[in-house]
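Chain nomenclature is as follows: A, B, C, D and E, assigned in order of appearance, with residue numbering initiated at 1 for each chain independently.
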Amino acid sequence: MSSTPNVTSKTPTSVVSGKTKARMTAILSVIIGFYLWSSFETDSFITNFDAEFWTNTWNMVIQLFPPNWNYAQVVWPKLIETIHMAIIATTIAAILCIPLSLLAANNIVTSKFLYNIVKAFLNILRTIPDIILAVIFVGLFGIGVFPGILALIIFSLGILAKLISETIEAIDNNPLEAIRASGGNTLQVIWYAVVPQILPQFVSFTLYVFEINIRASVVLGLVGAGGIGLLLQQQINFLAYQNVFTLIVIVFVVVVIIDYISNKLREGLL
Amino acid sequence: MEMNMPPKPKRSSKKLVKRFIISISLVALYLWTFLSINDIIKWDRVFSERTITNFDRVIPKLFSPDYASFGKVMEKMVETLFIAYAGSLMAAILAVPFAFLAASNMVRNKFLNTLGKWILNAVRTFPEIMLALIFVAAIGPNAFAGVLAIGLHSIGMLGKLYSEVIESIDMHVVEAMEANGANKIQILFYGIIPQVIPEFLSYAIYRFEIDVRASTILGIIGAGGIGTLIVISVANRNWNEVGMILLVIIVVVTIIDYLSAFIRKRIV
Amino acid sequence: MIEFKDVSLVYPNGTQGLKNVNTNIKEGEFVVIVGLSGAGKSTFIRSINRLVTPTSGQLLVEDENILAYKGKSMRKLRTKVGMIFQNYNLVKRSTVMKNVISGRLGHTGTFKSIFNLYPKEDFALAYESLKRVNIEEKVYSRADQLSGGQQQRVSIARVLTQQPKIILADEPVASLDPPTSHQVMKYLKQINREDKITTIVNLHFIDMAMEYADRIIGMRAGEVVFDGPASEVTEQTFEEIYGRKIREDDIRGGKEEDEQHS
Amino acid sequence: MIEFKDVSLVYPNGTQGLKNVNTNIKEGEFVVIVGLSGAGKSTFIRSINRLVTPTSGQLLVEDENILAYKGKSMRKLRTKVGMIFQNYNLVKRSTVMKNVISGRLGHTGTFKSIFNLYPKEDFALAYESLKRVNIEEKVYSRADQLSGGQQQRVSIARVLTQQPKIILADEPVASLDPPTSHQVMKYLKQINREDKITTIVNLHFIDMAMEYADRIIGMRAGEVVFDGPASEVTEQTFEEIYGRKIREDDIRGGKEEDEQHS
Amino acid sequence: GTNNEEGANNGGNNGGGESGGETPEKIIMGFVPSQDSDEIAGTVEPLAKQLEEEIGIPVEGKVMTNYSALVEAMGSNQVQIGFLPAFGYVLAHQKHGVEVILKSERHGSDTYRAQYVVRADSGIENLEDLEGKVWAVPDLTSTSGFLFPAAQIMDKFDVKDVQTEFFSDTIQAGGHDNAVISVLEGDADVATTFDDARTTIEEDYPEVMDKTKVIGYTEDIPNDTISVTKELSDDLQKKIKEAFLSFNDNEDMIKIMNEVYSWDAIREANNDEYKVVADTYEKFKDTITLD
């Protein structure tokens, strides 16, 4: 070795600068501080995990077993209803989200005003919990599948439009420039440069939302918006946990199948 | 210049068959859906006069929130926030080991890998409401039951997202560390964690946003939060109060959205 | 054909992209712009098809001041001016044909283009262009299956399909290895000769510039510091463009070159 | 120091990465490997620190056959062999210091390294290395805030901190522009001379190879087709390496070069 | 159980342990607002406060809109006092040995009935006419909306599966109000609800009283309960019982209870009174099918 390192006062002794260190410490303290506060407010203490907690949990969990397969036959019709609801809601949301997400992408829309309006609208849409949407639509249209579908549409539209518009914002802008430079107008730019780039993500996000919709309908049924959740609520009310578990397993299998199919589709597209 | 037309594109018959099958199944799926959904939805009822009067009755009330209940609603909203925060933070940490297990570039064992993915999937499928029920039974009807339900459920989703982040890291960096003789744990701390931490944080914050919304449902079974209020005011047809709840949720969640977007931008 | 009259461009953040540029490019010329990174080469080129808009001066293309153009007239300008980019700017997931035919977008109605209803001649033209850059057998491949050099040839074919009067090329070979670079430059030169298309190319390497250019424009800090035929380039020119004495390093593989050829 | 004895490597998919390679690299040599894309240059280099494992033959480093190495002995080998990559392979979001000090991971206990408890000397060494490539003022910048050339210098500093006996560099300048390329090559050469570290570099450009190499190894389709001092490279050599007659195109900026220097 | 007030107190927040009879440090009181009432309460705070004063142990009140969690929480003795609807109580008693100590009195009665509502112009006059009609049920777990009327029809017409054998179709309306509305709107021919659910929608549907009529009632159903877990010591149970009963003499409390829970008074109760619900449930335990 030609030069032995000479330790001087200028020699750094840490991997980050002092300023960064201080900032990290501050951030960490804030996170932990908040956590302690909310632990306090919600009585979440590690001491709650005492033996009693585990026995009680265990007593509940064993009641789930074994799943009652006889109950499965009751589930089928509602499961199919759930799938139908999810298909319709996802399809409509996917169609509606196209113009919305284009308008909410800052590399497509040059008008800051329009962009902000659409973005704000989508943000508000996303803030509303699915359960409230369902409750309101049930209030408007009466109990049934229809308000459920509406709630799912609005709910998934918010998610989908956000995901897609972020995808659009992240695409390679160079081809857009190339099309623009050869005289294409906005629609042509979208069709030739944006659509091919986002198509795989569009499909995969749509399938993702489809999965979310299936899961969400488990919740919606609680307030009378159709689907499999209605059964969940009833079985919980009868304290029939084996049936509940059957239901959960069935939903799980459906979701896994959807996951599988969507992976295959994604592979085919990319 | 003589003009030649390009040759017709060759398509392999296998691909054609595949496309054909996919198209047919899609069409069939939609036919089936629309035909059967027509039986379920009673269109004449959905678009009855009653619906119109419902609109007249409900919508104006929704838009004139009952400000008197602000205090009550806000109190429950704050509780909801605390539940969501404690739950997401718990999940943000506990999801990490599962994520590494499920990431195919970290655990080369296909069996363990699939196992990890299945665990995460299964956890995600368990409805929050059922989890909350179990925890209410275990520790009583309080916010902590909600925290556990939200936390456990979130592990499923965060674990999945985390594992995708891990799968997308720059493995060249890992290779570079390997090349200078670092062992596995050193690689983890020097090569992998710095790459994933900002995304992890960002997803955790994102999950917090979702959890705020998700924890609204917990109140139904007494696990805290704003859910009880929602159900009761709807059952009492107190749409003004529903309007107030809606307003509070929109405002609070929007503020959180902005804050978290701001923080996430600074992290990455 | 293209005339810069005291053109300046200040970017919103205050960077001076162009500074009082005056120059005149004649029809059919093959001009190469050289300069250091940040000298304003891209800004110069992109002003011509208004991808950026100069903040003062006049820029005439075919005797019309294009700086006032907007909307439709701008699109019309752009159909006349083809552009080739450093990173090819192809839509990676579309086929070569779809990329090449997109050169005709400016000539085709929105509706027709969206449903791929191009006239037969356009397809023929696109195919012809692919043939001219010897890549016709890839016509239905996806763009991301091609190598860099092939992608750049496709992007040349796209420009050819556009049938432009001017071709702008912004560092078309910066991402390519030397043999491929020369191939691409040769195609550009050949098209320039055969079709009499005015061609303006940005290059990083002054040596390659001298090999192909009719005329070289040297830029530095937004200003034109040299403008003349390739044969007039001297050490002095280097100094002006790079702001210091020429060093062997400025040319890839300096001194051993001579041994090589001896 | 490094001896390939009839080394072959077949990738799992059947590609022959190396084919009966026999060569001997002596301590302190500066060897440049050239060859077309896919010739096996990377495979050659990566065999030496066992990032890939040859499937037959013997590979001796300091007279020990490293092909049998596993786990601990392999990590020990790797602490002796530093590596520089085309894309720098820095952890983008970590500071320069953290990246450079990671060169000492192989010398540091797991626990200490996790909590950044390096001895003072290590920090000093890391800082010293940064100084040697003239980038010490960036010590607390994040790696992604640096330009390509700077990143590559950091990655050299990382290797220096490792205090290796051998440095491998896999196309260290392929992503850099010519002046920066030369700068990086010069640092490598300088380190090779000052510290007597055996250095093996892959390059795409034969001209740059000749400028820096003590010795050039030409590869083609997994085989060594030339092996000798830079001065012995002839047109014949080119033919062997590139599989065809040398053309002016093979060197960036061919013929005008001579005019240039006249 | 015997009193071992000191011994069984395990010091935990929520008590616990299986030894019958203890005095926890704190009592949790769970309240499920009865779906079978016109106004649904959102708070149990005033009751809890008053009770705390009377028995001298901290009392915390919790409201939940679904009784199953309350039943389970009482099962694990995380909640000691539960305001359970009749059906919920029966389940809790069977599964966890929860005991009823009190019940509510509404409109001067400690029981209520379920009613059959049909459109006034439908020509349906009595239960016989209902055969083959469409039935709107608030919820299959509702005591008045489903269990009692179904049992009545079962016995009267000797059918096994009321939903499919007697009625032509069953709609789950999702609430007593919704059940009435679906009759009003013609989606169903008959709704079974508590007596009289129509008043809850009168404000929104002023015509409801004229356009519909009640053609029959079921037998009496006991009102909602105040129940306690078996782990509570007899002494404490007694104290709690007395405290609640004393509210009957407290004008303020009566007022609160009436306003918030539409309770007029609190009465003593024992498990036998709920046997009728248990029996009814027994009939359905295996035959309740959904859809």
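One rule holds in what follows: contacts are C-beta pairs under 8 Å (C-beta built on N, C-alpha and C of every residue); 3 or more make two chains touch, one makes a residue touch a chain.
All values derive from a computational prediction rather than experimental measurement.
Participant: Can you list every chain in contact with both subunit C and subunit E?
Facilitator: A, B
Participant: Since subunit C and subunit D are copies of the same chain sequence, what is the angle of the rotation superposing the Cα atoms of one on the other, rounded to the nearest 5°?
Facilitator: To bring subunit C onto subunit D, one rotates by 180 degrees.
Participant: Quick check: more C-beta contact pairs at B-C or at B-E?
Facilitator: The comparison resolves to B-E.
Participant: Calculate how many whole Å lie between the centre of subunit A and the centre of subunit C, each centre taken as the average of the chain's C-alpha atoms.
Facilitator: Computed value for the inter-centroid distance: 45 Å.
Participant: What whole-Å value do you get for the distance between subunit B and subunit D if each is reduced to the mean of its CA atoms?
Facilitator: 46
Participant: For subunit C versus subunit D, what separation do you get between their C-alpha means, in angstrom?
Facilitator: 35
Participant: Show the residues in subunit C shared as contacts by 2 or more other chains, in ascending order.
Facilitator: Correct list: empty.
Participant: Going by the touch rule set out above, which residues of subunit B reach two or more other chains?
Facilitator: Residues 42, 45, 50, 133, 137-139, 142, 220, 227, 231, 237 of subunit B each touch two or more of the other chains.
Participant: At least two other chains touched by the same residue of subunit A: list those residues.
Facilitator: Answer for subunit A, listing residues that touch two or more other chains: 56, 59-60, 142, 223, 236.
Participant: How do the chains pair up in terms of touching? List each pair.
Facilitator: In this structure, the chains touch in these pairs: A-B, A-C, A-D, A-E, B-C, B-D, B-E, C-D.
Participant: Give the list of subunit C residues in touch with subunit B in this complex.
Facilitator: 95, 97, 120-121, 123-128, 130-131, 136, 139-140
Participant: Name, in rising order, each residue of subunit B that touches subunit A in their complex.
Facilitator: Spelled out, the residues of subunit B in touch with subunit A are 18, 29-30, 33-34, 36-37, 40-42, 45-46, 50-51, 54-55, 58-59, 62, 78-79, 81-83, 85-86, 89-90, 121-122, 124-130, 133-135, 137-139, 142-144, 146-148, 213-214, 216-217, 220, 224, 227, 230-231, 234, 237, 239, 242, 245-246, 249-250, 253-254, 257.
Participant: Can you tell me which positions in subunit B touch subunit C when the two form their complex?
Facilitator: Within the complex, subunit B touches subunit C at residues 1, 3-7, 9-10.
Participant: Which part of subunit A faces subunit C closely enough to touch in the complex?
Facilitator: 172, 174-175, 177-185, 187-188, 191-193, 196-197, 199-200
Participant: Which of the residues in subunit C end up touching subunit D in this complex?
Facilitator: That would be residues 37, 177-179, 181-183, 204-205, 207-208, 210-211, 249-258, 260-261 of subunit C.
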